[in-house]
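Listed below are the structures to be examined.
Look for subunit A in each of the two complexes below; its partner is subunit B in the first and subunit C in the second.
What follows is the complex of A and B.
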């Protein structure tokens, strides 16, 4: 339409002149209280790196969390944050996104927070597919309350609530998510492979829709040896790669030789891979950018002027008004 | 040479007609033979009249009556009654066409009703039923426009209004958003101020129902304690108020609720019938436009919380000093100027060229009613000068102008291109030939304009600078018929004296077009049937012949009289000269459109020659020494094989087991090592560990860090201090990590 559509107008340049350059430290707020060796540190580093690389403006970024070790995340980000209530990180984040679609919203939730008390919200958040980036910090244990089994604790996990070892097979957050209608992005990362963790965090951020990233992380305090078999044997980690997914660096390929080419558009294959037991798949399992976002479906370009708000409120409150007879007739 | 032929040649060369051998065509009411089928236009189905759709839902701002009728029939005429409904609908369409041609004007529904009531007289009920059903299937309405002198301007103005309406809506929406958000900033500022937290204001905000429930003074005292430390800068408050004032006072688009804002200035008008008026208005409004564009840009920054006095203040001070570029002008209304080439004075002409070369979003419609007027220099040439039909060609040379040239008969087909020109960010020229001058010769403008396009006298093309960077994507010539040929060829059949059907192909040339204009009768002479002979050849053939000395053949055109009797008319050299000029101009357009492009053909010829020479040489070499040549070529192909490029390998630094190091890219930021010694171990820009200072700690700490590292990426190397206590044990512990 424009004769010089490939160039930028002077005004557009002026508007962009305010763009700032950020360093990692600009996003760091306080010293994390997580234990030394905790996988949350790796996630924090990857997310801060993303914020810096994408130059996310702190005042336009929100981290929402529930309760648990992982949910302390917003405290360590110098952005807006909402440390919510147990299991309710997702509905809070959805509310933020609905009211302020211009904000970038991240959700940090733990395995207990998301897959136990917050399970219903989790399922529906996937179905609503709002443009959020959700990190499930899965250390397979309730850490903050000092070692109780969570839904993702492997069978036989000894904990304060399961002193003889847990009786049930662990819940698989990947297969659950992949089974929900409207799922649009599912990936799995491991905190001990920081390069892939960062790539996945980046891909999740760039996906339009709800990106669900399960990050398998160590708990050095309560389950120090639980992930040793996978950490010490790179062949037990299967890296997923594809032209439309992750591309693996030479250095990474040298260490992790168990690789699989997987098209992230193939949901049936994704479900198969997610259901495996022996190896941990790491990479993007599913991505479908065509699934509509709830906030777009419900978007209204009507300006919320004070008059409109007042009229809406009046109409709503009038439902509960007891009218004197003559006033009622007048209104009618 | 026979007397007849001599007379023909003499007429050809001098234009002097020997009356006993050749007839004057004046008063014979001749028209080109190919026009024979188009005597009664209202009996034919074609694109006109068109409906200027009143509330177009999409880009269909104009629809042809026949198109609408076909679509309605497809929906309404089904089953056993289909044929009956179709016939009735066709009769109605014909009736509407006749009414419009006779000068009826109004909306489709009004003229439909008029035509339907005429047909209903004396017809049975089935007619009314058919028409009702078809009418119900047509969901749109709008003014009907026939292909007359006024149509191009009406159509363009209608399309322009629709484009401006959409722009206005988008602009207003944006403006309302900015005003609301800016007001919100001021409102938030007030709520945080002392006045905003006063007991009186708090009381007012709670509402009358709970007036006695709260102690508003206490509430005010409490809230006043938490007043923000950073006061809202007065300069910002002032700036936002000024922005609101500028946004509120804009006159470029009418406000959505004009009655609500009394005292606001009247919106500007953007339609002009003079180039100089449009330019003057543009210049006069420029400061207001710049002010508004600047206010919008600052408002965006303010709303986003990004406006910084230090960064932006000085820059916005100079905003628009270098003029605004097309993207900045894009949200504002485009100007539309409609001028008639016949009335274009020299100074207006200069202003027109200034508009076209200015890059401003001004759209100009140049209406040309006559392309056959004599040139002002009086040399007998047609006026193919700058006043009318060459302006579009000249505008293309300006490179940044959207140019559309079309006969009005083709304008409906060019509707999307017309829209493209109107939405283009820079100037646009719509040069349209209406054929209105033909009415003096008794021909309908539609037929005349179609003939102008067909005869290459006024070819249709568009030049769209936004379509790409090269001519192939910018220039469009394909709307003309048989674009590869000099003149389009049409089949023509007639009945001869012995009632036999004769079919032949006739080229429709410029001469055919000119022959339909009575002003050029003196350049034509009818040859009586008994004098027809082999020396008369068609014009297109005559144009391809190279004449040396006295011509032995004379160009002629086939024409028909009022009774559709075929006549042959010879042409004088002046018209042939014009036809030749016209053909040359067409050739240049063809080249621009990539047809018979001389550069491409030259290149092709060169490559073909080179290829033939190479083939020749190879054949000779092959014949001389077949074996050695085969070997040589095999060698050549071997040597030409590129060495397979090795995949880039990331080089890792060679590490000695004695050296202490960390595989930094694999670090998972778990803080184990930094907790042991934060001076020895540090984090890099990506928060991944490396050995910051090997001398800042002991070998024991290095070994401890290696052991506690979650991902085993710390390699302690060999101790640097041979006197460190317990080295023997430490070396043993370090062993797995070397």
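What follows is the complex of A and C.
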């Protein structure tokens, strides 16, 4: 009986493979437990749409995350998921990708997860430049642990550990990323501009290499007003566009008049734009498809069959073997 | 002043190398311990390794031990700077480094002094000492040399002064490069080893360089041999019975790397740390040829997470480290336990805590291996006791990890890592390898954690398997891998993960007893102390003492039958190289004494009064020391 159902599901699967058409619900799993109005919901919607539009095979797709509100993301995807430990999403994802370059791997990480506890991995992930799509859900606060300042909290942010306001200037994830050797894709999105968010998510997915997308994300629970100045004044959002970057729709252009033509190949200009204070840039800051991917440099295309292993092992053993006299004489 | 000293010393020197000593009959020995020491970078290590390999080729039993200074380049001629190798050569099988040294070749008197102070030399040890320092331009050096020399002679050592530098300079301009081969030639003569085998070693080592290097080294080797024959008035032979089976001669780290290759594992993630790194060095090279990759991560946390990610998505993966790195991996190890991801973690133990003694031997991580990571995180812990077991333990570890979806920790130590011992050349079996990654569709309704009620076992779904989609999580989770908010589910899954250890335990056999199954004293050990314990027990038994030993390879779970074995003895004690409070200390009593790790485990599990004795001197406990400890234990009430 078991065999029957196995065969049946195998057939079902083959049929499914032949017909590469998916609906949104093929990627939806459970009801997200994020607060109402949480920016993570918008990110989830954009990503599920991407999966559907690109017809990503759910069994060949993996979402890897750390710990935090945002790191619950994989649970809401009907793909494979890996909800690991705080700060270590990137090295886990690198391992997945190295073992299985055939899988499409996404990473969801919070600002604490990525830029604080996982900061070392972040720098090195940029340098490895593996073909991963990384979403930094940057709500500028520790959400899950109930409102502590994060490295990206603007100076003066009142939190449970900085009741009089945070003391240090915020770390800028864009300039940090753009400063790392081998950086190949950096973009910034805002959860409240879904159209651009989707276009960026899509561009990130299509980039071969590590695409780093910082998504400015609302946390109405702990910082309800923090993003108001940018949400209420579209001129404080600078949309980046280019023939090789995003193309802005007329609808969008009507609302967001502060636009800048920016060539994503120009890293010096990208660093300048990323360093701006008053307005927040939204769009693709940098893209360089020519940077080699670590898995391409390192993945062994030698399929390790038992025969190959036997031959390899024996060749090594030969170096250290003391043969009995007779055997040696025979060889000689 | 100086002249006086020299004069005095010439008078005292009883063993000045005699000109044209002529061939003397070789003194037959059962075994000897030889060491070659120099400043680091002078090639004593290479000389010692080659001597070991040659003796093994002759069919002798050997055990080589590296002598490593703590610093990469300690100052020249310093007492703490001895670098070299120690080779115990025997007529039969040798299982450990043995007691003190019988013969030492020293390139300067300072490194020699270090070894004397560490009490590493037998009282009447033969010393072959480079004599160039006697005529050095720096008078301080001359004085120091002469003083040391004279003291050693007075203390009863048989010191032979050898003009190694001078002899080598007849062949090469820079005697620093090649003195070690001259020394090797001397030793080949002294131990009646075939010179041709020495030349083979040189070809093996320098074969890739140009022929002139090979030729020069062979000339030096021959010169050393000739010089010793002409000038030394003694030589030895250690007759050997050549094994009929091919033997492999590697150190423990190489054996581990070979085990990784043989097990079919293809990814090793690591971060450099002494004394584990050489395993990854070797593996890096091998993988380039055979397929696979060593990932040098940004730190040990990343290495462990990388290995976990790779295991989760494919075949079981390995991460190799030592103490401090092992500490860093703890949280990630807990994740692998919780997610039931197969993983092999090798901890080549060194002296701890903290940075401790990076190059020294210690067995301090047993408790961390078993109980490390917060919460109840059951994992399997294996400890190979020989170089051969280093190889096979990795194959076993891979298999257990994948069968039980568990973390398997393999504990070796700095002594195993750097020691060489021949063992029968492994014959590859396909069953050592992991099957290909399962990509077949998952039956409808199957759950990612379908724990078996009896064994706790569940299969795992691997990305790529249609129908198996789920999110693995380090949070408490149910059979669907959904986050469990219900504490009862957490308790159930704690049970399942723990049952897997019991299921494994049911497949294990009782450990063998070395010696009679009943007697006055049972010594229990684990890891690299095996050879020395058994040697000590054998010699006690030869004196009629009723002592036996039991060596545990599985530390978690402990195999069945241990209690019954212990009950066959009047006294039971462990001998370990980790800290235990000394009962003779004034404020130590039965209520506050901290026992050694294995003793704690045995006492708590079996309610048997297991005593312990430990020494944490950074090097293997000598069989002679163990004999003394056993005798004392037998005498005590």
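One rule holds for everything that comes next: the second predicted complex is superposed on the first by the 287 of 332 C-alpha atoms of A that agree within 3 Å, B and C clash if a C-alpha of one lies under 4 Å from a C-alpha of the other, contacts with A are read in each partner's own complex, and residues count from 1 in each chain.
Throughout what follows, contacts are C-beta pairs under 8 Å (C-beta built on N, C-alpha and C of every residue); 3 or more make two chains touch, one makes a residue touch a chain.
Keep in mind the model is a prediction, meaning the values are calculated, not measured.
Counted by residues of subunit A touched, the larger count belongs to C, out of subunit B and subunit C. Contacts of A:308 after superposition on the shared chain: subunit C is touched, whereas subunit B is not.
Look at A:168: by the touch rule set out above, it reaches neither subunit B nor subunit C.
Shared-chain residue A:55: touches no atom of subunit B or subunit C.
Of the two partner chains, neither subunit B nor subunit C is touched by A:155. With both structures placed on the common chain, the touch criterion links A:231 to subunit B but leaves subunit C unconnected. In the superposed model, A:39 lies in contact with subunit B only, and not with subunit C.
Once the two complexes are laid over each other on the shared chain, residue contacts for A:220 go to subunit B alone; subunit C is not touched.
2, 5, 8-10, 12, 17, 59, 301, 303-304 are the residues of subunit A that lie in the contact sets of both subunit B and subunit C, per the superposition on chain A. Within the complex formed with subunit A, the residues of subunit B that make contact are 173, 176-177, 180, 293, 297, 300-301, 305-308, 311-312, 315-316, 319, 322, 324-328, 330, 359, 400, 423-426, 465-466, 649-650, 652, 665-672, 675, 685-688, 708, 710-712. On the subunit C side of its complex with subunit A, the touching residues are 53, 56-57, 59, 204, 242-250, 254, 258, 261-262, 264, 266-267, 269, 286-287, 289-293, 295, 297-299, 301-303, 305-315, 317, 331-332, 334-335, 422, 425-426, 428, 430, 433, 437, 440-445, 461, 463-475, 482-483.
Residues of subunit A touching subunit C in their complex: 2, 5-6, 8-10, 12-13, 16-17, 29-30, 58-60, 62-64, 67, 74-75, 77-85, 88, 90-100, 102-103, 120-121, 123-124, 298-304, 306, 308-317, 319-327.
Those residues of subunit A that touch subunit B in the complex are listed here as 1-5, 8-12, 14-15, 17-18, 23-24, 36-39, 41-42, 44-45, 48-49, 59, 191-195, 197, 218, 220, 231-232, 249-251, 255, 301, 303-305.
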